[in-house]
Amino acid sequence: MSLEEMYREVILDHYRNPRNRDPLDHVDATAEGNNPLCGDEVTIEVGLDGDTVQAISVRGQGCSISQASASMMSKAVLGKTEKEIAEITDTFKKMMGVIETDDVVVDEERPGATLGDLEALQGVRKFPVRIKCADLAWTTLEEALNP
Amino acid sequence: MSLEEMYREVILDHYRNPRNRDPLDHVDATAEGNNPLCGDEVTIEVGLDGDTVQAISVRGQGCSISQASASMMSKAVLGKTEKEIAEITDTFKKMMGVIETDDVVVDEERPGATLGDLEALQGVRKFPVRIKCADLAWTTLEEALNP
Amino acid sequence: MTDWAAIRADFPILSREMNGYPLAYLDSAATSQKPQAVLDAITDFYSTTNANVHRGAYSLADEATRMYEDARSTVARFIGAQSDEIVFTRGATSAFNTVAYGWALRHLTEDDRILLTIMEHHANIVPWQLVADLTGCSIEFVSITDTGRLDLDDFHHLLDEDVKLVGASMASNVLGTINPIAEIADAAHQVGALVIADAAQAVPHMSVNVYDTGADWICFSGHKMLGPTGIGVLWGRPEILDEMEPAEGGGEMITDVRLDGSTWAAVPHKFEAGTPPFAQAVGLKAAIDYLEAVGMDEVERREQELTEYALKSMAGVEGLTVYGPATAQDRVGAISFSLNDIHPHDLATILDQRGVAIRAGHHCARPLARSLNVPATARASLYLYNQESDIDALIGALAEAKELFSVA
Amino acid sequence: MTDWAAIRADFPILSREMNGYPLAYLDSAATSQKPQAVLDAITDFYSTTNANVHRGAYSLADEATRMYEDARSTVARFIGAQSDEIVFTRGATSAFNTVAYGWALRHLTEDDRILLTIMEHHANIVPWQLVADLTGCSIEFVSITDTGRLDLDDFHHLLDEDVKLVGASMASNVLGTINPIAEIADAAHQVGALVIADAAQAVPHMSVNVYDTGADWICFSGHKMLGPTGIGVLWGRPEILDEMEPAEGGGEMITDVRLDGSTWAAVPHKFEAGTPPFAQAVGLKAAIDYLEAVGMDEVERREQELTEYALKSMAGVEGLTVYGPATAQDRVGAISFSLNDIHPHDLATILDQRGVAIRAGHHCARPLARSLNVPATARASLYLYNQESDIDALIGALAEAKELFSVA
């Protein structure tokens, strides 16, 4: 298990320079999530155009993994339809081992290949205690979109 | 440790034919005692003439040791002054090991020699769990006389 | 075929001598003995994995948390429940009090009634008396028949819409009687009452599925089922646990604590204030693993066999009266009795001198003792590690007791 | 001279490796590790003497009862109290709740106030919030100074005749601060308030005499002082315990149970409903025997030495902030800190990879975290079995963490 695999440069960048933090003027869907064990918090606001996420705001506090995951997620889902987002979420959760899978679509070697930046979170999988941190934003987004 | 030493004939006699059970018409002092651990109960009523116990009633329910001790006690203290009773009580409690002593007055071999029938309770001393049973009536009498 | 002699050999204390005789431990209804596997599980946990649960971001704490939660899943599976319906408490008594403060105190009023059976253990009486004292609700008791069974006519007679809670033991620790809990629960639900079942003498001795009982809450203790002291279980229907308030406040049961109030964690954590008995949970899991390896059906069958043997042997003792059902059917192996006019404490002392450990007293069920009109009884109670020779030792010692008391 | 290396060797878990490194256990404020002597005492008890206490008229039960009561006397002597002032509970949290339900619920009204310090653990906050909810009384918090000490001016300012209860920790589990409990108690008594002291971080680490504290109740946990989980202690002044109502109802805490109400056993049994954690009491006694063999003064001295070493080493780490007193004087070895912008959970994970176990979070003291304006801190906490090398491992791993986080 290598710490370097978890604390990749791109993760620390998102932690220190989180994207899409500005509150939205018009909110169509929102949810708050927290991880009572470690205190991580995330608040998500979504602006919809039909079923496309045309604006998103992700704010919170917590460890680098939870905050970076939230920031990267906001980038990944912006402009996507709810169906596309469900697919990304599914792929992400499979990569993290949150959803068990023997789905051949996922590349064994690089199960996050379709996720771009988010693939950097793969290293977290080796730290079971921290998987919930990475997952928090995603579960919260699901709640916002399917209240 | 011999059971026969504890369950002497005189004890079983007092258990089955308890003395001085009739309620008194005139009660000068009274107390109730119970042993919450095993449920033994004793109620004592005393009629006084000056500081002499001229009447006593001892009622209760419980094991043979508690009830026999109460019955024998009622015989032993009837007609005695409070001072004499205090002495008998002291001797009894020393015999039972309830009061520690290296008092030479007590005959090492027969510490209860001055107690008559009550001496039969000596065998209880070897059964620590049951000493409280033997002691119950005496402690209750003390409470009745020194409320 | 289970090798019962091998099972007995798993319990270190049972090879002990007592007053010069082999120990015949016949007080398992008070507390059970522990197999080596349970002792090892506890020692191993403290020696390799001990860390406070749900608190640490380090591996040791994570391991400890997994083991604690794994114990919860084991308990859940054992009684046919889901993990998040299992609340770990200090013991059965604490489980009752959790419902008393978390539900009854906040739901009952002067107009409401609680219906209990007269054979309840104090653990399923006194908490409700405390609640009655604070809320003004009243309590009534269902009586029993001459054969030591619950008087169902009386139950149906006393049950009406004012009854908001019915408390009944699944098996009596004094009479051994197994109560028809599903029938009781059915009737109670029909008038809108909830049902709390005392499973302290049931879960250790038979296969229990909480949903089959029909009860809304079930309480039992770890120490009576081969597990350590200091842990018990409250099971509750999820929707009821959900709306209950916590009884105790403290760490780990909150989502947030603010100066002007707090918000509660999800069930079951809401009910587990402070550091839980996590090492005891690990021990309880080992106890359940042990029981499951034997098989609960097999445990029940063996205990019935022993109970039958005991009842038959006791029937042969002149002057002996058994309180409770006289046959092994629909009863567990807690057998209360008296012998002539020999007081139960005298009996216990005499038996003890022959290595036979039985209990004497009101067995924390004074209302029952009063209704039977016996202030105290002797009780022999059985578990899977007992054998016929324990019962033979009991019968032999009873004969000696009669001898001793025949003098006068 | 105490042989601290030999002491460390008494704790089996401390020879464990963690992620390829020697385990540096720095989370004793959450729970302590156990010496072999404590594990042996528990195993021996179950293997030779296990029987339910206060219940049996047979020798085994008598032995078990004596050991349980002997544990009570040991605890009493350890804190300068009498045996019948010692109530065994599930833990410190349960002890607070016993006072909340047994005293506060029945004594406080809308007009009354409870005064707590802002550095209290949730265990000394949430029970009072539950009481406030039921009684309408209000709660106020005394703030702290910039150096992490209790603001005594604020305390005296907030204290008036409406205050009926003052709750204060003897030592903070976050800041390490030792509070002047005798001075607090004195002032509280002058306005007629009673005082409950949280001794969970005090009794394990220093010699405590309950009467010297001036408090009316004191609460602590066995598992933080080398003992097993599942047991804690409530000490109270006898005249106060006497007039308190029991919190929990059940067996063993009654003198009689009648259909229309019950009467309570004498203190301390009144507060010990049901089967108590008797095996855990035996373990706690072994823990106290162990601590007394080392000597509490010696334990305190050693911990001060280690705390000083830790504070000095941490002062050398650039970017590190310590919350709480910066010197070892009037503080215990619970040291909360942060490092640059590295979140405490990241820190804990990184340290864990080097075998260093520290805690990260709000440490069950969210009001304090809010007042410090840090949602989470890292915390290293020390006990007698730690050694300088544990602190060196911490410092080394902190440097690595900075390295890792310096990339961006």
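As written, the chains take the letters A, B, C and D, and residue 1 is the first residue of each chain.
Criterion: contacts are C-beta pairs under 8 Å (C-beta built on N, C-alpha and C of every residue); 3 or more make two chains touch, one makes a residue touch a chain.
Because the structure is a prediction, the values reported are computed rather than measured.
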{"item": "Chain of greatest Cα-centre distance to chain D", "value": "B"}
{"item": "Distance between the centres, which are taken as Cα means, of chain D and chain A, whole angstrom", "value": "38"}
{"item": "Centre-to-centre distance between chain D and chain C (centres being mean Cα positions), rounded to whole Å", "value": "31"}
{"item": "Chain B and chain D: spacing of chain centres that average the CA atoms, whole Å", "value": "47"}
{"item": "Multi-partner residues of chain D (each touching 2 or more other chains)", "value": "19, 55, 57-59, 254, 344-345, 349, 360-361"}
{"item": "Two or more partner chains touched - positions in chain A", "value": "37-38, 129-130"}
{"item": "Overall pattern in which the protein chains touch one another (line/ring/star/complete/other)", "value": "other"}
{"item": "Pairs of chains satisfying the touch condition", "value": "A-C, A-D, B-C, B-D, C-D"}
{"item": "Residues of chain C defined as touching chain A within the complex", "value": "54-55, 57-59, 62, 255, 265-266, 269"}
{"item": "Chain A - residues contacting chain C, complex", "value": "34, 36-38, 128-130"}
{"item": "Touch list for chain D against partner chain A, complex", "value": "19, 341-346, 349-350, 353, 360-362, 375-376, 400, 404-405, 407-408"}
{"item": "Residues on chain C engaged by chain D in the complex (per definition of touch)", "value": "12-13, 16, 18-19, 23, 25, 27, 30-31, 33-34, 38-39, 42-43, 46-52, 55-61, 90-94, 96-97, 100-101, 121-123, 125-130, 133, 139, 141, 221, 223, 228-231, 245-254, 256-259, 261-262, 273-280, 344-345, 348-349, 351-352, 356-361, 364, 366-367, 370"}
{"item": "In the complex, chain B residues that touch chain C", "value": "1, 3-4, 6-7, 9, 12-13, 15-16, 37-41, 61-65, 67, 127, 129-130, 133"}
